[in-house]
Amino acid sequence: MHARAMISTHPHVRGQTNDALIRCIEDCYDCAQTCTTCADACLGEGMVAELVQCIRLNMDCADVCTATGAIATRRSGSNEAVIRAMLEACATACRLCAEECEKHARMHEHCRICAEECRSCEDSCRKALQGLHH
Amino acid sequence: MHARAMISTHPHVRGQTNDALIRCIEDCYDCAQTCTTCADACLGEGMVAELVQCIRLNMDCADVCTATGAIATRRSGSNEAVIRAMLEACATACRLCAEECEKHARMHEHCRICAEECRSCEDSCRKALQGLHH
Amino acid sequence: MHARAMISTHPHVRGQTNDALIRCIEDCYDCAQTCTTCADACLGEGMVAELVQCIRLNMDCADVCTATGAIATRRSGSNEAVIRAMLEACATACRLCAEECEKHARMHEHCRICAEECRSCEDSCRKALQGLHH
Amino acid sequence: MHARAMISTHPHVRGQTNDALIRCIEDCYDCAQTCTTCADACLGEGMVAELVQCIRLNMDCADVCTATGAIATRRSGSNEAVIRAMLEACATACRLCAEECEKHARMHEHCRICAEECRSCEDSCRKALQGLHH
């Protein structure tokens, strides 16, 4: 992903990149793809009825991550209150999705990888939030 | 929009619809379309350089509304913490977009309509949040 | 939905709205919401394992409709080849989702309504395509 | 991005990954982020009025790439006609966006990188389409 290279060319950034935020943007896009896969892989399991809560959290997490990645990418004008609210929503969505996926991680490899990715994205959201505070 | 008819047929709802939430879902989809139009209409104005902040807030608001509408639509399993966080983020995005559009409302009819739609969606998000509290 | 009122204020439109396209935009947003509901309602049914193909087509259809609605909304600059390709993809996604939902329409009211909405959106996409040809 | 690791765990895939399609999925998510950045960076340039067509193509391309990435990710059930239509729409959106960005590539580094990313994604879509034909 070329997030850093692209964002560093933005006329309002000019090389002064916020590294925690860029890491978070990359994790949001990765996590959106991972959660979309996990929802669909759960749907394909024979025991799909036991994975309904997992599929639901995966779909919500993918939607929040996609929106957060796009919103955090924009640097024209300013909209820090919305970035902050979305980073918080995204950290919550990732945490809840990770907690559910962890319950199925021994049975389903897709849930194991997805839980890791969600934890990583949750952590990136929190660090990006801290980076906005000072 | 058939949001009420559809959601009332959900096996976990069975007619016990949350009317404030359904109104909010409809407003989120409407507001996403309206903000997408306003961003693009601002982009087409001769004075586009003065509308950069407006375009940015419009694009962010469209992204938040689209994600919030989809997440609030789902009733399988439960994910109330994320719905709540998204409703709060959406109310904030709508409020900030409305405040900016209101500055251009006398000059640009699309900003005037968009400001109204954002205020309506902000209000629906707050009422849906209250409906989740009790 | 305020699609017509909004688009008619666009500086590159100035009242010369393409009514078939506006109808299509409204149907795309409606159909996105309807398919998101149907996917989730299917997921909540006890017989979810028999509805996997339906859920998958619903999720794809919601994604295509959301993208098509946003792209068809924009009037600044021009991008007719992409609008055309998306309207064709959307008509196909809606047709396939309708055909699958129709199989479950007697059993599940959400599938019955969703099939109707998808047929309506397919029809709107085709009429919008014809409106672009002349 | 963990697209390959995730998709290889899908119960309907079981290690038989379609490498051209996975490469395409990764490029779609990357290109969505790149086009979102380029649209916003163009918006921040002093000469924004000359970049309206570029911004519009960037926004459309981001929307098509996001939808195509999600739809091509799903392996439960089958929906090849829609995947095919979206890969074709995505190749067209990427080609048109690349052609426009190339006009501004000497002036704006974000357009130069974005054009390259769009060409790469266009190529991946075409190879994925070929991979579906046999």
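Chains here go by letter, A, B, C and D, matching the order in which they are written, and residues are numbered from 1 within each.
In the analysis below, a contact is a pair of C-beta atoms (placed from the backbone, for glycine too) under 8 Å apart; a residue touches a chain by one contact, two chains touch by 3 or more.
As the structure is a computational prediction, the values presented were derived from the model and not from experiment.
Student: Starting at chain A, how many touching-chain steps does it take at least to reach chain D?
Tutor: Minimum number of steps from chain A to chain D: 1.
Student: Could you classify the chain C-chain D contact as same or different, where same means more than half of all interface residue numbers appear on both copies?
Tutor: same
Student: In terms of C-beta pairs in contact, which of B-D and B-C ranks higher?
Tutor: By number of C-beta pairs in contact, B-C is the larger.
Student: With chain centres taken as the means of their Cα atoms, state the distance from chain B to chain D in Å.
Tutor: Here chain B and chain D have centroids separated by 27 Å.
Student: Chain B to chain C: how many Å between their CA centres?
Tutor: Once rounded, the distance between the two centres reads 19 Å.
Student: Got the chain A residues that touch at least 2 other chains?
Tutor: 40, 43-44, 46, 52, 55-56, 59, 66, 70, 74, 76
Student: Where on chain A does chain D make contact in their complex?
Tutor: Listed in rising order, the residues are 1-3, 5-7, 9-12, 25-26, 29-30, 32-34, 36-38, 40-41, 43-46, 62, 66, 69-70, 73-76, 108-110, 113-114, 117.
Student: Flag every residue of chain C that touches chain A in the complex, lowest number first.
Tutor: Touching chain A: residues 40, 43-44, 46, 48-49, 52, 55-56, 59 of chain C.
Student: Considering only the defined contacts, which chain A positions touch chain B in the complex?
Tutor: That would be residues 52-53, 55-57, 59-61, 63-64, 66-67, 70-71, 74, 76-79, 81-82, 85-86, 88-89, 92-93, 96 of chain A.
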